[in-house]
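Take a look at the structures below.
You will see two complexes here that share chain A, one where it goes with chain B and one where it goes with chain C.
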Partner chain A sequence: MTTKDKYKKVAYYPGCALEGTGHSYNRSTKAVGKALGLDLVEVKNWNCCGAMEVKNIDPKLQTYLSSRVMSVAVNEMDMDVVMAPCNGCYHNLKKAEYDLKHDPESVEVVAKLSKKAGHKSYESGQVETIHALDWIKDSIGEEGLAERVKNSLSGIKVANYYGCMYTRPRHIFPEKDAGPGSESTSKPHFMDDLLAAAGAENVEFPLKTACCGGAHTLSDSDTSTKLVLNILKAAKLAGADVIATECPTCHSGLEMHQIRAEKVLGETVDIKILYFTQLLGMALGLKPRKVGVHENVSDPMKFLKQKGLA
Partner chain B sequence: MPIHEKSLIRPENLKTHEELVIDGVDVSGHWSTFIESRVVSDYNEAMEDEIAALPGGENIHRCWQCGSCTNSCTVNAINPDFNPRYWIYLIRMGMEDELLRDKDIIWQCVSCNKCTYACPRDVFPEGVMKATAHWLERKGHTPKSPSMHFDEVFTEQVIKTGKIEESRTIRRFFSRTKQGLMQPWMIEMVKRLLRNLPVGLLTRMGLATFVAPKTRGWSSAAAAMQEYIDEQHEKQEQALSS
Partner chain C sequence: MRPLADIELAIAAVDAQTDPLQAAEELLRFSEEVLEHWVTARGDEPTHDEREGFRLLALHRQGARGDPSFNACRETCREIAWHYNLVTMEPEHTQTANRAEMLRMVSNHLYLFVSGKLQVAGLGEFCCSAKPIRSADNFDSGTTKEA
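Our next item is the complex of A and B:
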């Protein structure tokens, strides 16, 4: 696997959740970047990508919001790679890229709104959007990562949970399912690869891309609690100690409905939930507080001490 | 006759006979369930076009009823009445009364896009579910769903400030749907979060509650987006009233 130098300095789009409930993902992503010598330049004066809600009011409005972020990166920062750790942001930027390449009506609406808003309109092909997983895998690689591990994750059994927005719908991710080495939309493995390089033992987890009900986490909580319970139980049955996450909506959904299942359904599933960047950071020798473990709702400190990570 | 989608047959349309002999053949037991024939004469011919005119519904005409959407559906797995394939069929046939029987669950689509992934015809069933839920609301068949309230609260905030500050969105959503914010699980979540004293996070979120994070110079973008939404709304109203 060749490493890509162009990912060593990327425009960083944290998004709204990483400034709020997902702050530990923000903190750990930056800490891992620093430990690996990768440069993150935050997108200037960014805006919300539209998340999962704006498209229900109007999909083209979401395309505009996401396109503005890419427009800032290319036109105001001269950057051609945007890295978004949040699955929602990553998905929406990819979706905007796809629509602007294939749908003339979207191009027209984005051009009109950009002009009225007073900035250059984004054109498809100007920016490559990548996920935090691509960023680490392609710039450092598994071998590079293994060389830098100070505190192996050995003895930790991990269920890697990718969620919906990282792989579906597949047509917006043309680089996936592209043969050996590429990411798979049905059985994604980039997170498995990285954590294995850091020493973790990945369990066979059938619900990697199952839905946590994140879109309705508050508006239809009972459905979300059922879906999350499935995920927690399946991971536990697969023998995992930890569910590794890569999306702030999934992560806070799992944490919230783990508690809600306890309080409303009386069902307790004892499994830790950590961002993959938190696990990687600790493997690289960072203290739990440096990767924001104290900002998670669930408390894995006792477990981390047992495993020699804290 | 094996009935694969028995949930589709309404209880009043099922006739069960413990003992039944027809033309000298005993058809009791397993074979004793019949669907009474009926005549449907009341079609809503405009329904498919109206749903197709709402965002997400554009490709409904492409459906060839393979059922991949229902097979892959996340919500169907926990509620067999949630059946996108069937609803698309009813909409295309114009069988409004049948569709209305399920009006209160259609909004529950979680947008996981498994159907969109599986669909061989690019119908984008996820979008069709959203368009159908909107159609039901705009025709007055259902009140605004909790999901619609959430989408509106969220979008209003993005248009106003360019960014989302989660505690504001959550508080507004709970107040608009008239729910108490202090649910037992919510209190427990806050308690557990406070246990590790994440001072930095709390200060940050506390400050954001008073001064909402904003994208600078957003007013012209906000005005352009609001104008666009209003235009679209007007076009959709025309399509719905034709």
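Our next item is the complex of A and C:
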């Protein structure tokens, strides 16, 4: 079976953020999948991936939590591909996969906790974890996407922001940097490729993998606000109308600190922030509400109307 | 070595529009100073070596030794080197002032990242760990002993 066919039906692991602040990412991912004829089967009774909180306290417990998601997919649903649109979840499942392949102690801990929890222990290599970008890029591709576009994104200048966890640390993503066609860890381009196929004009954006301060947004809000403000201003200087995101933590951080920068620092940056799935969905002819634009913190409707997307 | 907070002010004060070439030189130097702070805080002597023609990249490599999470600013350092080259190797380009301004923003990002990271230095597996803050409060999950 080719990768293209393999990704047409995948186990969907939305993760906690997509049920909360990132709900519009959840909605738009599902809507785009449906519009493209791709099948998402949500992982049964999924749990938290361990995020950063658990990982910092006990990395092996995080490995177990992520492994359970993969175990359910393969052992209870007979699925061999798990798609995680959240960078944190994607990163953690990849990290668990790496640990279980290279660290016997992790294997032992996962076996012990799986037994205690009453499910089969996950074994390295049983599933392939992919991001929503891989999912669309490899199952539909740029040509397939371009053929399906109903409302071109032409005239929209986009700064693609990938955040810091999509490509780091490099060793847990062995499929990246694997030659032509693969994703790059230093200059990721899958989101750029997909949005360009839908007609958008991507700008050169030097902070596409820079830190947004997401994880210390509560413990050190001022630094997070300054980091986000810098990202917004750099995107604006690069000529962008929109920052496209593919991570719920980055996205909500950008939106909320955009507002906080205005209130606390008195600095306003007029740039829209949308999930790449929202942009793709509208390019495929879906209404803004179908892709959850109304669930975003900021209101881009005037801009979307100007660009003929609403 | 000047205080870190002074570097933030110095980066903000750079006039990228009037003299982009001078701005590029200053910003590269300020970025090196930021990394000198990080390396010094970890108890090392900042290197004077260069990688790919840039001391900045050698300092980054030194700063990431034993702390892979510091690679979260690797591309930021490389973008600084790239924009420095754009400004200094094509000074007559119509976008030179904008490129210098972008260099200022990328340098500022490096400053913000490193200054934030210095506060939580080396105590998380990934970059934005708040573990020291919890540790200071004697945080105890009580969940991990059995694992």
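Simple rule for what comes next: the second predicted complex is superposed on the first by the 307 of 310 C-alpha atoms of A that agree within 3 Å, B and C clash if a C-alpha of one lies under 4 Å from a C-alpha of the other, contacts with A are read in each partner's own complex, and residues count from 1 in each chain.
Following the convention adopted for this analysis, contacts are C-beta pairs under 8 Å (C-beta built on N, C-alpha and C of every residue); 3 or more make two chains touch, one makes a residue touch a chain.
As the structure is a computational prediction, the values presented were derived from the model and not from experiment.
Peer 1: Is this a clash or a fit when chain B and chain C both end up on chain A?
Peer 2: clash
Peer 1: Let me test your reading of the model: by the given contact rule, A:P59 touches which partner, first (chain B), second (chain C), both or neither?
Peer 2: Both: A:P59 reaches chain B and chain C.
Peer 1: So, does A:A234 touch the first partner chain B, the second partner chain C, both, or neither?
Peer 2: Only chain C is touched by A:A234; chain B is not.
Peer 1: Tell me which touches more residues of chain A here: chain C or chain B.
Peer 2: The larger set of chain A residues in touch belongs to B.
Peer 1: Based on the superposed arrangement, let me know which partner A:K226 touches: chain B (first), chain C (second), both, or neither?
Peer 2: Both partners, chain B and chain C.
Peer 1: Looking at A:E147 after the superposition, I want to know if it touches chain B, chain C, both of them or none. Which is it: first, second, both, neither?
Peer 2: It touches nothing on chain B or chain C.
Peer 1: Would you sort A:C164 into first (chain B), second (chain C), both or neither based on which partner it touches?
Peer 2: In the superposition, A:C164 touches chain B and chain C alike.
Peer 1: Is A:A215 in contact with chain B, with chain C, with both, or with neither (first, second, both, neither)?
Peer 2: both
Peer 1: Does chain B (first) or chain C (second) touch A:P206, or do both, or does neither?
Peer 2: second
Peer 1: Can you tell which stretch of chain B collides with chain C among 128-136, 164-172 or 182-190?
Peer 2: Between chain B and chain C, the clashing stretch is 128-136.
Peer 1: Would you tell me the residues on chain A in contact with chain B in one complex that are also in contact with chain C in the other?
Peer 2: In the superposed arrangement, which is not itself an observed complex, chain A uses residues 52, 55-61, 64, 109, 112-113, 116, 164, 168-170, 210-211, 213-216, 218-220, 223, 226-227 for both chain B and chain C.
Peer 1: Quick one: in the complex, what on chain B touches chain A?
Peer 2: Counting only chain B, the residues touching chain A are 55-56, 74-75, 78, 108, 110-114, 116-117, 124, 127, 130, 134, 145-152, 154-155, 158, 162-167, 170, 173-174, 177, 184-185, 188-189, 192-193, 195-198, 200-201, 204-205, 208, 213, 215-218, 220-221, 223-225, 227-229, 232.
Peer 1: Which positions of chain A touch chain B when the two form their complex?
Peer 2: 16-17, 19-21, 23-24, 45-48, 50-61, 64-65, 68, 109, 112-113, 116-118, 164, 167-170, 185, 210-211, 213-216, 218-220, 223-224, 226-227, 255-256, 259-260, 262-264, 292-295, 297-299, 301
Peer 1: Chain C touches which residues of chain A in the complex?
Peer 2: The contact residues of chain A facing chain C are 52, 55-61, 64, 109, 112-113, 116, 164-165, 168-170, 186-187, 206-207, 209-211, 213-216, 218-220, 223, 226-227, 230-231, 233-234, 237-238.
Peer 1: Per the contact definition, I'd like the list of chain C residues that touch chain A in the complex.
Peer 2: My answer: residues 68, 71-76, 78-79, 82-83, 98, 101-102, 105-106, 108-109, 112-113, 115-116, 119-120, 124-131, 133, 139, 141, 143-144, 146-147.
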